[in-house]
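The two complexes that follow have chain A in common; it is paired with chain B in the first and with chain C in the second.
Presenting the complex of A and B:
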């Protein structure tokens, strides 16, 4: 049963993509990643002439600012794309008028969202690859590739991003607004999750905010697997923490989504 | 003239009622620019700020330098949003009524830009002023030049808005504006990184944005005590842009009207 729903969702989504894919989203996201990278490149090479502050290497374990910032921007691209898709699926159904018939069908939400996520992940890998090629031009270099850490980083990131998108999806469905909610989360994540600079530079309140969003830890683990500079014990610790926080997000998101669905259906005509 | 101002005012009030009926608008007008400003500020922490090539930037005034950039950008960005909103007039069919009325077209566009420039940027402006006042030791202002630059700044932001609105009278596809004007403006107009140190090709791109010139002038008079004579080149360029924007707007309005008379369709021309 679960598998059937999963497969049906993937088939449906794939057909939607093939026929009416919002290509502007894809181009927009790759462009955003490009501008972030380009901004970092200008800052590093031209504005500050390659002079990093003394604290940077100590905090990050690397002295390659460009690789640091580019890996951050690629991870940011990944989470933004996941959220744009998974969080918005029920909203899209609401707009397109299919939410009612979807709700009539007896199916488990987990499989539905997972199906969406899986298909999205494949597309996103493609987009991230394009962005990574642009990144290489601007100075992305892999220093110490660790395959096991990399696989762990990818899996944990997918798990955590899924949790974050679920919560965002609840807020979207509840407020029936995507523009304000999604962009607020995206700009906030860019600020507190250590995308282009170590989060240790932030004041206390923002640092706390960063540590309860699992994206922060995912970005750190991914950096450790590609750029090195972090002891193994630290990586394991971060991975366990990210896993725990991600689980909290998913455990909260699922029942909340049920609740939000009910409210959305009640308000649908109004 | 009295009649012209009446139309400007009416359109401004209309815009206000349209977009300020919900508090969530303040999230997009204040929280987003604030977050990007903070991101830019903290990303500077990764660098040795005193090692920059620009003589008038140092560790003390870099906060004001950046704040001026984001404050100025919020004015220019708000008109991009207003232009985007204006295209909804076409979808909801109200553009037709505006064209049926005898209202001066330029006055309508100006009212639209006026309301967005002043209303949308006000929160960011207040915040920026607070930051600047609390860091007043680090700035070096030339008051007379500042007055002149501010007048030019307001005129340019307004006309930039009017021009974008006029473009939308003609074209229906508005999404490209965001792709072209939102994020590139932040990078290329020198909001985060001063354009003086750009490589040549990036400098050429930056000259497209009117914000580039007026932001440079604003920073010079606020941080470097620049006199009017030392800024004469930039100021002349600004005045030139103002003239070009105004004439381009008038020209576009004329073309649109002519085109519409021929095709007879306001909503879907």
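Presenting the complex of A and C:
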């Protein structure tokens, strides 16, 4: 039955998008990636005048700042798009008036969320590919492509982003707010998850915050698979840590989501 | 059989006291409701807005958990086993909710069918049958957003039957529908109960709808049952209370008191009041001729004399007062 729900959710979402895909939304997301890359490019060339400290090379294992920042911004685009879609699914159902009819059906939620996640992943791959082409113009260079590490990075990222989406979705459903919640989380992620600079430059508190959001490790593993500069043992260590943190998010997210659903249905009344 | 006893639902509601201040308070949406629904029976849950009908239906459909009380579903503890209950029930609400507007009618039913884990071969046959039943077989592949209100409501009925439920909960299903569609829907509800043996709970604030369809009726107000019984039993209480508006030229307090006295001889339980220059009367007795007689005897020219459909609000207020009197006694 779970497979039926998963397949049906992918099909339904695909049909809905086929009829009403917000192209402007996709353009907006690619533009966000473009602005991030462009901002990093401006800062690097006109503010830092192409100068990088030794500490940056020491911490990141690369002296190619633009590739570092562009891979970061592509991963940021990826996490924003997948998290945004999955976490907002139940809010969308609430807005469209289908939350009650959905909750009336006796199915397991995990298949429903995974269906949404998988379809969004396909769409996001396309968007990220377009953003990557723009990135090449700004200086993205793939130095050491490691296919196995890349596949592992993608899979672990999806697993972790799914967990982050569930937690974000719970907060959205509980507060019945999407904009403040999502923008706060995404801004925090941009600052503390090592998107355009290593998190080691941050104050202690923010560094800790960065290390408990699995996006940070996912970005690092993805960079390692494309740009190299990280020993394999370190990649494995980060992958295990990301998996563990992601599991905590999912383990917390599923029961919390049930609780948030119940509150959302009660709030429709009270 | 569905049986609930002393069902109660209290919400913890946040109330704003200003821009930055707020406080929490308990709101009792349902205070004490006990009821039964049997297979093949149409049970009415009647009450004005805010009476607790929708909260009750949401507890019965396991969408929300009761704060207190018991709920037995064919002998099963429904509060402890909501998933088992969900397999055998469905709900149809009034309005245009509960269906995906961007999907076609067929896609909607297919998606919901998948959520219920129905085998594809059976689902295909059921969708075709249901679309035919609600008269949408020609519109099966058209996106719902282009449908009229009535068509959307008919699709909702098909959705509500996609899992072939044993019990169906209808929450004000005819709200906003025109007379023709309402009549079609009434026929369909009768068919579901009487031919297909489905147990149906219908909430409504239309007296006539409940009177026409329901075998057994529960009347609720402020989250409590005011009265329950068969249609025949409740007819005396609710449906056969005629309402009259009566006024004559130069009608004043004096004439009103005389009239009140006159009506008192015919029906001592009649409810008579004087508002805005006219007399309003609620009575179980047919009074039209008596009122005309009164005008003739008193040589008064009648300005207005008409009989109105009893309104639910008035019936509920009247019954609440009567129940309170009974309790006091």
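Please note the rule applied: the second predicted complex is superposed on the first by the 268 of 270 C-alpha atoms of A that agree within 3 Å, B and C clash if a C-alpha of one lies under 4 Å from a C-alpha of the other, contacts with A are read in each partner's own complex, and residues count from 1 in each chain.
Operating definition for what follows: a contact is a pair of C-beta atoms (placed from the backbone, for glycine too) under 8 Å apart; a residue touches a chain by one contact, two chains touch by 3 or more.
Bear in mind that the values here come from a model prediction, so they are computed numbers and not experimental data.
Looking at the overlay, does A:123 come into contact with chain B only (first), chain C only (second), both, or neither?
Neither: A:123 stays clear of chain B and chain C.
Let me test your reading of the model: by the given contact rule, A:211 touches which partner, first (chain B), second (chain C), both or neither?
After superposing on A, A:211 lies clear of both chain B and chain C.
A:146 in the overlay: touching chain B, chain C, both, or neither? Say first, second, both or neither.
The answer is neither, since A:146 touches no partner chain.
Output check: A:103 vs chain B and chain C. Expected answer is one of first, second, both, neither. What do you get?
After superposition on chain A, A:103 lies in contact with chain C alone.
Under the stated touch criterion, name the partner, chain B or chain C, that contacts more residues in chain A.
Touching more residues of chain A than the other partner does is B.
Applying the touch criterion given at the start, work out whether A:92 contacts chain B, chain C, both or neither, answering first, second, both or neither.
So A:92 meets neither chain B nor chain C here.
May I ask you to decide whether A:266 touches chain B, chain C, both, or neither, giving the answer as first, second, both or neither?
The second partner, chain C, only.
Spell out the residues on chain A that touch chain B in their complex, using ranges where they run on.
Counting only chain A, the residues touching chain B are 24, 27-28, 31-32, 35, 38-40, 42-44, 46-49, 51-56, 65, 177, 179-180, 183-184, 187-188, 190-191, 195-198, 201-202, 206.
Across the complex, what residues on chain C touch chain A?
These residues of chain C touch chain A: 11-13, 27, 29, 54-55, 58, 61, 63-65, 83-84, 86-87, 89-91, 93, 95-103, 107, 110-112, 114-117, 143, 159, 163.
Within their complex, state which residues of chain A touch chain C.
Against chain C, chain A makes touches at 1, 4-5, 7-8, 11-12, 15-16, 19-20, 96-98, 100-107, 262, 265-266, 269-270.
Okay, in this complex, where on chain B does chain A touch?
24, 27-28, 31-32, 35-36, 38-39, 42-49, 51-54, 175, 178-179, 183-184, 186-187, 192-194, 197-199, 202
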